[in-house]
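Input: structures, listed below.
Below, chain A partners chain B and then partners chain C, in two separate complexes.
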Partner chain A sequence: MTLQVIANGLIAGCVYALVALGFGLIYKTTRILHFAHGAVYTAAAYALYFFLISISFPVFISIVLALIIGTLLGISTETFLYYPLHRKKAPYAISFIASMGIYLFLVNLIAMLFGNEVKIIQPGLEKTYQFAGIILTRTQIIETIVFVVVFLVFYIFMKKSGLGRLIRALSNNPELATVLGMNIRKTRLLVFGLGSLLASISGLLVALDIGIDPNIGFSAVFVCAVAVIIGGIDIFEGAVLGAFLLGLIQNITIWKLSARWQEAITFGILILFLLLRPQGILSYKKRMEEIS
Partner chain B sequence: MMTYILHLLVMISIYLILAFSLNLLVGYTGLLSVAQAGFYGIGAYISTLFVMKLGINFFIALPISIILAMCLSLLVSVPSIRLKGDYFILATLGFQAVIYGVLYNWVSLTRGPYGIPGIPRPNFFGIEFGNIPSYFILSGILAFLVFLIFRQMVLSPFGRTLKAIREDEMAALGLGKNITKFKIISFAISAGIAAIAGALYAGYITYIDPTSFSIYESIFILSMIIIGGTGNIKGPVVGVFLVIIVPEALRFLGLPDSIAANARQMIYGLLLVILMYFRPQGIAGEYKFE
Partner chain C sequence: MNNQKILEAKEIVAGYNKKMVLQGVSIELYEKEVVALIGPNGAGKSTLIKTVFGILKPKSGKIFFKGEDITGREPYKNSLNGMGYFIQGGEVFTNLTVMENLLIPQYIDKKLERENLLDEVFSLFPELKSLNDKRAGILSGGERQMLALGILLMKKPEILLLDEPISKLAPIWKNKFIEKIKELKEKWGLSIIFWAEQDIPKALSVADRVYVMKLGKMEFCGTPEELRQGKKLEEAYFK
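Presenting the complex of A and B:
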């Protein structure tokens, strides 16, 4: 039983980690609390539902189209909202509120188009596999594989490629990056594209696993914000660590208490971290005043 | 029709109280909090529990719930006040989730998701505020009192100090103001005022459950005052009237209820984006979130 809970927790962590990587990347480079990340996640999941179920396109094409839609949505929030605000030197609160506005707009648009009820993409019982006493469904195995592949590609991209280096430079010191003549605009677009692609992948996995309703993005984006903070914001691997920790803790909560305590426990952990170690686990020590 | 208008007026006075309370925090102290519905809920639950479990009169339970909400606010403000910007938003969000979780899961006290039905209407030494017109008098008087207190507060040296902290924390510190103390007091007053709204809401609807005090409600209150504008007295008033009355017009357009709710939220979302881009101080506000 314990092993099963740990396995479920780690798999939940895989899905969170994808959203958290994108959220953390965007937050670190642009300092925007990108609330609308949740809308991108939801939109991608609904796009998959639309192509696959409503107009029955083939699976592969539906997935590609859904990912493209999610990514384009993320890029357009940057082009039409955040970048203009950035040029006006808007403070953090304004971009946060605007982001909240975009979230409300998009999610309610989706709810109007598709209805507020839960939609299931894969009906019926799933095929399960057993490894050493742990039972995994087919979707859970897909989730794990997708996470490992995506994370490896992302890691190599960030560490080895020139573009990845550019992103890390911008997130490390925006002023210096500007002075050195880097193309800030393109780098930000790249960050939003990449982050939204990751969120869309995660949205599709969740849609396949447990189905979708218009509000799934809300808790996803906040759990991931918590993951980014407790994992440590300075390096992007922190978000993955935080996501795995939260996945484990949430599954242990479900096992020992009940599913209804999940959110309170998640945010309780956030508060503890903000009090005791606001820089997160994988980070160097800072004074509280230096943070954010 | 008259009852319907009076019902809207009662809701407006409850939201006016909430808007004033959050305005003190967001508009005057510059602390963007998304935990206001938590204190609204604390006020509603504490006053209801005192009235129903201990049989105390509403008008005695009301000050008790205000004081308890102010004390509970210390749990939120003391740890989070030193955090800046986004981290403060996230911390208040965390507390909002924790308060909601407790209201939802402490079934033996709050009946959790089943809610508390049959809350008695307030009774003032024999005068019962049982029907909607008399309830409007009660809520109107309370909203007016809150307005008077709020106005006195923001025009006083206390209010000016809060504004100074909002504009330039370092300068306020340099002038010898204890900014942490002022922020904590402002947070407590804001929580206390929100508790009044909660008690009024519980006595009016006569049924409460945790879903009325969720994070969505916090965001709703926040968008209300941001649309109207913060940092002065008229901004939140404009916001409340606009956000409560305009959607009622949608009802007369004959949209089905399920779509109308979504359409309303879409309008709020769009308004927030447009205002942040063109007019960050809101329609009639003063503070531009700088």
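Presenting the complex of A and C:
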């Protein structure tokens, strides 16, 4: 039973990690608390439902179209909302409130179009596989494989490619990046596209696994914001560590207490970290002048 | 002066919000020339250079770079066009390694060559070569300052605008930095404006010409020798 709970926790962590990577990437580069990330996640899941179930497109085409819609939605929030605010030097609180507004608008639009009830993409019982006493569904195995592949590609992109290094440079020191001639607008668009693609992939996995309702993005974005903070804001891989930790703790909570305690425990952990280790689990060693 | 004029700011009026710090200031820079811009705190030195680089837009006045009117042009365009702006304190990307820092200009502008420039920067700052896989955040103040200048040189700039490059350095690093400025003029053929609030004798030792600013106006323009003979420096700082 313990191994099964750990496995479930790690698989939940895989899904959280993808959203958290995107959320963390956008936050670190732009300092925007992109709450509308939850709407991107929800919209991609509903787009899959629409293409695959409502109008019966082939699976592959439905997945590609859903990912494109999610990514374009994220890019649109940057183009029409955040960047104009950034140019006007609006405080980050304004961007956050605007983001909340976009989230609420999109979620209500989705509810109006598709209804509030839960939509299931894969009805019926799923095929299961057993490994060393752990039972996994086919979708859980897909979730794990997708996470591993996407994370590896993302990691190599960020560490080894020129564009990845430009994103890391912008997130570290935007003033110097501008002074060196970086086109900040293009780099921000790339960040929003990449972050939204990650959220969309996660939204699709959740849609396949447990189904969707218009509010799935709310808890996802909150859990992922916590994952970014406890994992470590400085290092983008920290979000993955935070997501796995939360996935594990939430599943242990469900096992030992009840699902109703999940969010209380999540925020309890956040408070503990803010009090005891505000820099998160992973952080760079810093010189005194950097801290001040 | 036989060399061509590379930069000229004419009658600049600029400032922050409604407060105009600069009140009709002009400055010129010629090819392969080092200009020191000195003056007390609040004189408007940083405001002038920020306006030249495009960070601030002038209310009136004109800025010409390589004969072209660049008034109000965005900083990133000026940077790609050959201006290098050294931010006060020597800003670097602290989360990236020294080598990654040096390569950022190449990722921004793919037309720049990489290998030769790296060799040239390492020959100017040999200490950086042994640190190339270290994270820039752990470098000492002097090493960081050298890296900050190295990053700018990897852009292959034609002029350098250096904001208080030596004010926070230990004495040994101050001397090293002044030597590097000389080398950049003589071997790299760069034109340099650097401004200083303190360390005036060091600034004068390397400058071909000096501008003295006070309360948003240019009080003096001439050679270091002419400045030493007159009383403009004392007047700017003490009256």
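Following the convention adopted for this analysis, the second predicted complex is superposed on the first by the 283 of 292 C-alpha atoms of A that agree within 3 Å, B and C clash if a C-alpha of one lies under 4 Å from a C-alpha of the other, contacts with A are read in each partner's own complex, and residues count from 1 in each chain.
We take it that a residue touches a chain if its C-beta (ideal position, glycine included) is under 8 Å from a C-beta of that chain, and two chains touch if they have at least 3 such contacts.
Computed from a predicted model, the values in this text were never measured in an experiment.
Of the two partner chains placed by superposition, only chain B is touched by A:Asn108; chain C is not. After overlaying the two complexes on the shared chain, residue contacts for A:Leu33 are found with chain B alone; chain C is out of touch. By the touch criterion stated above, A:Phe96 is placed in contact with chain B alone, chain C being left untouched. By the touch criterion defined above, A:Leu270 reaches chain B but does not reach chain C.
When the two structures are aligned on the shared chain, A:Asn173 is found in touch with chain C, with no touch to chain B.
In the superposed three-chain model, the partner touching more residues of chain A is B, compared with the other of chain B and chain C.
When the shared chain is aligned, chain C comes close enough to touch A:Arg165, but chain B does not.
Residue contacts after overlaying the shared chain place A:Pro58 against neither chain B nor chain C.
When both complexes are aligned on chain A by C-alpha atoms, chain A residues 289 touch chain B in the first and chain C in the second. Residue ranges on chain A touching chain B, taken from their complex, read 27, 31, 33, 81, 84-85, 90-98, 100-109, 111-112, 115-116, 222, 225-226, 229, 258, 260-261, 263-268, 270-271, 274-275, 278, 288-289, 291-292.
Here chain C touches chain A in the complex through residues 53, 75-77, 79-80, 85, 87, 91-96, 100, 103-109, 135, 137-138, 141, 151-152, 155, going by the rule given at the top. By the touch criterion given at the top, residues 32, 79-80, 82-87, 89-91, 93-98, 100-102, 104-105, 219, 222-223, 226, 258-259, 262-263, 265-266, 268-273, 276-277, 280, 289-290 of chain B touch chain A in their complex.
Touching chain C in their complex are the following residues of chain A: 162-163, 165-166, 168-169, 171-173, 175-184, 234-235, 284-287, 289-290.
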